[in-house]
Every structure is written in C-alpha cells, then in structure tokens.
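As written, the chains take the letters A, B, C and D, and residue 1 is the first residue of each chain.
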C-alpha cells in the first residue's frame, strides 16, 4: 500500500520536499509509517514530540490504522490568528 | 443659599418636576438638603437607598458640604449600554 | 492613549467607525462591541428604548473611565459612541472599540469599560411599546 | 446557528463585513475581534507575515469548532474570515464576529473560538523582513 504524505510549513523545508509517497505493508499504523518516514527524513524525527498528524482532514494519533486511499499530513504546531 | 436640584429619569416623574430649587442655611451637607427635599417629595424618599447623588458632574455622598453655586442631581441607578 | 467619545442622537455608523480605525505598528488586536436594542425588555415586547442622558456628567464620567484605562498602560486607543434618544429594536445603542498590542488585554479592557460604564455613567433607558411608539420620546431636561 | 467562513488571500473588508451584519430581534450583543499583523515578531522588525494554510483541513476544523459553539446554544451567528498569503504589518489577518443575546456570552464565545482555533486549525505564519520582502511569498503546497 502506498500512502502519500504532505509536509506543511517548515516541515517541508526540513524534509526537503512538500510531498512524498511511503510504501508500507498492511496493516500499518501511523506510527509504523512514521518509523519508515523518519529513516528517510531524520531532521523531522527530532521534532516528533511537537509534530501534529492528520489523516485526511482529521487529527489522528500514532495508533490509527492506515487504509488504502489515506492521505497523511505532518506539520508543526499551528499558528493561526 | 439656594441650591438648584435636577431629577433625572423617572425621578422627574416621581418628583412631579425635573428641576427645583431648595433654600438651605449654610453650612449644609447633601444629607441636609435631602432632608428638606424629601419633605416636599415623599415619593423620592422611598427610593433613598438606591438614589445616586451628584454635585456638578461628580458623585458625592451625603456628607458633602454644599457651596454656593453647587448644582445637585438625583437619579436612579444608571442603565447605559 | 488615544480616545474618542461621542454621545449622539444619530444612528451609529459602525462600518464608518471601523473604516476610520488607526493603529500603530505595534498593535495586534482590535476588539469592538456593539450593543443592540432587543425586542424584549423583561417580559414585554418593545419596539425601541428611549435613552436619556445627563450629558455633561456622562462625558465627564466616560473621560474618568478612560483616564483609569490609560493608567493600565496597555491600551493604545479607545473609541466609544453611545446613542441616546429613541433607539429602535435591532439598532445599536453602544459601540466600543479598544486597540491593544495583544488580544487578552483588548478583550479585558473592552469588557471593563462596559462594566464600569454601567455603574457610573448617567444614562437611563425607558422601554417603548408599540402603543407608546407614536408619542414623542422621553423629554428629560438636557437629554 | 448561522455561520460564515472565509479563508482568503484578499484583504479583509471589515467595514463591509460589519455593514452586512444581520441579527434577529432577540439579539443584544455583537462582539468583534480583528487580529492585526504587528511590526515585530519576537525581537525582529518585520514588514509582513506569510500565512500558509492546509485549506480543506482548516475549513473542516473551523466547522468542527462552529459545531461545538452551536451546541452551547447561546450564539445566533458566527462569522470568521482568515486571510492567508502575505499580510502586511498593520493589516488584519483574522476577523471574527459573534452575535448573541447577551454580551457576556458573546465575549466568551469570541475568545473561545480564537483560543480553540490556535490549537487545531492548520495555519502557519512566517515572518517577512524588509530583506525578504521582494521574494515571493511562502510556496507551501495548496496554500
């Protein structure tokens, strides 16, 4: 299963791209996806504690089980206003 | 000494007039003036506990000693907004 | 602290007031409040409120409030308009704007002005029912 | 509860928004907040903020906040505009209006929306200094 991942705000600069695709075996949780992702993008791993994770337009935590068609977004704390 | 007194809001209806003049001997406090006033306007006396008193444009309490030229205003609790 | 005060019989031009706002580059928050006459006063349906005002004292007491606000030091500007006379249901009787560097200060100051005003500024209101509405508005002296 | 949401690259027309207000005859309070870009971000002088936004998620999260606000039952209408892209110092990035029967509810709800928004709505800002100002604004995907 391939999961597209979008990086928002300065996470895109840290990742060196704003979008990537991660191939994971099923079933995989968000945590499983992140483990693969952090191997490829160690700069993001350092910010894991302050990373927000969405699947589609909803926040999810690491235990969320990914489905085909899911789109993951990673971003730093939000700053609207 | 004559002291003009203005009644505001429904105090004018209770007093039967919006302005009057009270003649008092010197020195007289606001309380002294009120005693004379309440004799003439007993309906106002009943509301004395919720009556606000100004001399000129400042709030004063009953102990204020009146001077020639002072203008007293009596009114119910304010309701701006 | 910049201050603007108007006690007026004219309808409030809120859009115009907003368009006239000025602030310096350190300011990050404008909080404004519009108080609108409701169609109900206690249990009774009304069509308007008649506001009467002891104008010189009201102006003085507003300025005293603004003096106290200025002492807090965090507000760059306050603008306040109170409409008096007959104000129909659905129209604003009070408009306040507070400009400050940060929103917490602006919200707190705006509410503080309203709370204090309701204690000390000599303005009164009288409900107008549909039956009264053809009569002239409250004829308090100097109101 | 009536709701209006706009996430836009256009300058906020606050006066026009205020002029468009509608409220029913039971409503007595409209509270507004305008968040303005300050000329300082931390210790640095800036000329603008570049706001980026994950728009579909931001819209969804705003609507979830409005759902929660509606459950409180005291707010008749909320309108919110968030400007994104490059917002110069002195211009508004955020405008909120809350209409309620009473002012305490309106003030509380307006502040609640801002507080919650700052937790969950995916919008980010990047300071723009005079030196950056000739560069194009932040080019995040879909922002």
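The definition used in the following text is that a contact is a pair of C-beta atoms (placed from the backbone, for glycine too) under 8 Å apart; a residue touches a chain by one contact, two chains touch by 3 or more.
In this text, all values refer to a predicted model and were calculated from it rather than measured experimentally.
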item: Required steps from chain A to chain C (each step between touching chains, minimum); value: 2
item: Gap in Å, rounded to a whole number, between the CA centres of chain D and chain B; value: 50
item: Approximate Å spacing (C-alpha centroids) for the pair chain A, chain D; value: 26
item: Rounded Å distance between chain A and chain B, as computed from the means of their C-alpha atoms; value: 73
item: Chain C: positions in contact with at least two other chains; value: 35, 114
item: Chain B: positions in contact with at least two other chains; value: none
item: Which pairs of chains touch, using the document's own definition; value: A-D, B-C, C-D
item: Touching residues on chain C, where the partner in the complex is chain B; value: 35, 51-54, 56-61, 82, 93-94, 114, 117-126, 140-141
item: For the chain B and chain C complex, residues of the former touching the latter; value: 6, 8-10, 12, 18-19, 52, 54, 56-59, 73, 75-76, 78-81
item: In the complex, chain C residues that touch chain D; value: 14-16, 18-19, 23, 25-40, 89-90, 101, 103, 106-107, 110-111, 114
